[in-house]
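What follows is a group of structures, each given as structure tokens.
First chain A sits with chain B, and in the next complex the same chain sits with chain C.
Moving on to the complex of A and B:
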């Protein structure tokens, strides 16, 4: 075997060129165009994530610049503190309750409504706008309406009469989190309906015609043509709903005055805010955040496995 | 493709790892007071802005080479959050006229505050102006990291129109004992005059206990702080009596536990409120909100109280000097300028809030003659208690609020047991140890 120095110049050049091409690709200008976004990701995601991981393994609190304090490595102590805190464990259970209600409701309702709105119905544009308005309206504004509707003397309880829960929805230990789940479902419906509507345009109409000719009912057409046809978007919507649910903060904070009755609607992100920002314990908050990320990844992983098995 | 992916991933990972061990860049500390331009923040209360702007203008006329730039504190969930973030970033101004005493221990721990003891004569200035209650604002190391500035002693406000509708006296309503208060509350609600008798915010934020539990505890206990000498004090007969009183109000639906938007007292939803003089302008309809025909009464106690000399919560906001300040000499001089007899008089006149200065009624006699509504607040101002100036202050208040919310507001556990459990946790925190490792 000849040493590289003994190889002809043209062969050496082609190796350098090949290496450069392997790293930079055929069109290095593409890297240049992508570099700003990569920098954005690195600065706004990679750096904070790395710092959060580091903070979670140390005793850490925020200080003014130039203030020198000890930040000893504490191993898994922050994680142990998080996992042994009853308020944290309760918040994870609250989020699980939220996801169990919100995700199927979101996927199911948005698909049904998108299917209905895809048909040639009167005032279709108006209905589409109606469903989209809550999504584009700030939560703070919508919350005021919801508080009014679901208060003890609100319109919902007036309609339900003796069937209304006592205490009322948002101050009821059993109904606080489900109420929030329903609110978030309603608020986000517009966006997910939009995604399904776009996906439905790609389902060939011939499949529906063929199914109709074979005598398939509306339900059979939905099950056999529509649902398989929009499977990719269903995966996306499920993923988005899980991520949004895991990061819940605004709705429990505004609807249930923070943690709700006996902490029954506190979310992990609320606890991160309280401990990390208000109480200056970012070490605890970071550990909680990392556990939340791992939890979401696990749920998403399970969801992907289930969907893959179904396929 | 695979090699490129590996190279890019390694670059991204190195960005993440570069964050490890990140700390502040060293900066030189100011050596001795220097003089020059400074910036200040004041609150976003309309009257305080007006006061702040005229103080800044007055100073700038006299000191053109030491210009002060003032602005409202940036908006956020709470001013403490804004200040914390500014301290960490090193972007806070020299002085903030909206420093909550409860947050001072955390700001101090972060190295964000300048001890005012550094300035010659500062201690005597503070103590001469504020009097004996100045001692509540000293930190555990004996230094003043905050200048006691103004208080808003909280008392009972009641809606005269709703009381009249319920057939309750509007000049001397029976509110002095807990049983009188409860009876009046029942009368007001059962008559339909108001949906609730009283409606303090049921939110789980750490500071909400300052407007339901703490004022009544101050009155009932004769002025005990939440924590004294490193120990929680509220797991005592006074604390239990206050908890039982509020628990009964909530259990009988005389106090609301649902989240509402706006001020329930201003809207007439609740017939009473626990607030201080800052709210008077609102209730007089000066701030655009509807006027309320209100009266004021002293805080009730178990055995009865009709005096404004009973302790109450101060709801104070103080002034602190922050570590990023370069021209500390100017900052200290402006601080004295803005807390002078003249400046305090303007603060009183323009905002109705009580400067933390001894002898208010004598010094500003003409104001209180013209505004007799504020006399009672001036009396109370000499009897206020503060949040304890101890480590882990916010966490302590949060633990208390969680226990209060669970047991008193939502009635899901016994108030006595909840207070005992909270006291046990708070004792650990007050000793300086944290619930975190």
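Moving on to the complex of A and C:
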């Protein structure tokens, strides 16, 4: 501000302009530039979030248009109902199963493939493209292929022969959720390979050279140079996996036919859809949504805090 | 928040040529083996999708992995077209995706530029809200969004209702901001002293410098609505309004029996849904590379 006041241009400006600048900032045009996005956030994020909180504290159901009904305040009743519902608790457990399988698989495989890619090798661009093609393709399309491959008489079971699980993968109580976790790992791996590749390229070459001169084995180099060098990406993967887990809908809805068998692969968002819209209990579903929002924000907050302490 | 500061030159160079850092070693054969196995696992389902979509009769045995000349037909594509009216579904997907791309390109760039280079009251708040939006999964708000858009505003079965929750992609805004931040401040100050207004500075100076980022952000934005299932599924109950992903999923859940080869028909639809995104990414793959994406998420 000081600098600008010294310029001859601004001395000619009226006091009104200067006052406006003091209140609105040096470039008030920024308000106009940011306004559409701010409006978008207010109308399609902040307000719905507030509405979800409101609905979750009231008895709320959909009525025919124009019919008005009482929507009494019910306190924490919806939250109590959510947290004592065995289907909800099962869906949380499912997400835990999902994370336990998805996170280590994703970290291990994407680091392996990124390391392999991080060199002058033939067909590099081709390999890279192969890996991210599933990531950019619609889950609906990929689910169709997986249904075909993993059906009871499908090609996967043909290969496995007597080793194939009975009942088949997607309709098997024990395999339904792991199948989803493996599917999601496969689908998203390409994106994480790209992230690891970016991180690997930022690891100083000198570190590898120094390690080699000290006679470090590849395992040692991996542990003391590579893994610390890509730590930010690893935490990011964990974080995104949690968000994806909290978000799962298409896969349990289509791949395992509505979270089956017996809710063994149901996800929280699937339950939100089933209870909120199919069964007309939006109050219950909103409470579930708010619990998940708080959960995700808490985890993100804790992660940020940990990361800050590390650096 | 550690922001990656990289000069524009470096970014452009990196996006054009992100070749290897490690020197070629005689032992690099293991890389090829790993990569080949990986590529096979990633590409096989696509290959199998095409083979399956061309089968007269569904053949799930091992022999079905290779196409057999006696069992090849395009009939499944005709079947899926008859069941879904593919053209209509593709137009719906196109309008949905195009609307999101346009809104993100116009309003997202404006917001990204404002967040990076302009000082105005409320900038901090806008930035914090953007980060919140990036963290809270959209799916968790489907109930209130459904109440608002379908029940209160009566926008069910409309393109506006479909586009609205996705209109401005926050990841894209974030990428724009990151790239505008990397441009040297002096450039803008010089233009301002010359009397250029901000809109002119943005369109004539800033945008041409971040063109690679623009394409990266547009590619990432494209796959959101094109592949989205839950939201358009919730708000489009008329088939004539459904994007292809929704129409195909409904077909998967209900169909069967009426066609000679249900799996083949579904796979034909899956192929049509997959092709635009895959072709787009392969055509622009040099913009979908590690450095561009990396700097977008490192913030």
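Following the convention adopted for this analysis, the second predicted complex is superposed on the first by the 249 of 311 C-alpha atoms of A that agree within 3 Å, B and C clash if a C-alpha of one lies under 4 Å from a C-alpha of the other, contacts with A are read in each partner's own complex, and residues count from 1 in each chain.
Methods note: a contact is a pair of C-beta atoms (placed from the backbone, for glycine too) under 8 Å apart; a residue touches a chain by one contact, two chains touch by 3 or more.
Predicted model, so just to flag it, every value in this text is computed and none were measured.
Counted by residues of chain A touched, the larger count belongs to C, out of chain B and chain C. Once chain A of one complex is fitted onto chain A of the other, the partner contacts of A:263 are limited to chain B, with no touch recorded for chain C.
By the touch criterion defined above, A:292 lies against chain C but remains apart from chain B after alignment on the C-alpha atoms of chain A. Touch criterion met: A:38 reaches chain B and chain C at once. In the superposed pair of complexes, A:108 makes contact with neither chain B nor chain C.
Once the two complexes are laid over each other on the shared chain, residue contacts for A:228 go to neither chain B nor chain C.
When both complexes are overlaid on chain A, the residue A:87 reaches chain B alone and has no touch with chain C.
In the superposed pair of complexes, A:23 makes contact with chain B and with chain C alike.
Common to the chain B and chain C contact sets on chain A are residues 23-25, 38, 41, 46-49, 51, 62, 65, 144, 147, 151, 153, 254, 277. For chain A in complex with chain B, the residues that touch the partner chain are 22-25, 38, 41-43, 46-51, 53-54, 59, 61-69, 71, 74, 77-78, 80-81, 85, 87, 144, 147, 151-153, 167-168, 170-171, 173, 254-263, 266, 274-275, 277-281, 283-284. On the side of chain A, the complex with chain C involves touching residues 23-31, 33-34, 36-38, 40-41, 44-49, 51-52, 55, 62, 65, 109, 112-113, 116-122, 124-134, 136-149, 151, 153-155, 158-159, 186, 189-191, 194-195, 197-202, 205, 208, 232, 236, 243, 246-247, 249-250, 254, 269, 272-273, 276-277, 282, 285-286, 289, 292-293, 296-297, 300, 311.
Residues of chain C that touch chain A in their complex: 2, 18-25, 28, 30-32, 34-35, 38-39, 41-43, 45-46, 48-49, 52, 60-62, 64-65, 106-108, 110-111, 113-115, 118-123, 126, 129-130, 132-133, 135-148, 151, 164-165, 167-168, 173, 197-199, 223, 226-227, 229-230, 234, 245-246, 248-249, 252-253, 263, 266-267, 269-271, 273-274, 277-278, 280-282, 285, 288-291, 293-295, 297-298.
Every residue of chain B that touches chain A in the complex is listed here, in rising order: 1, 3-4, 7-8, 11-13, 15-29, 78, 80-81, 84, 87-90, 106, 109-112, 195, 201-206, 257-261, 323-324, 392, 394-395, 398, 402, 405-406, 410, 412-413, 434-437.
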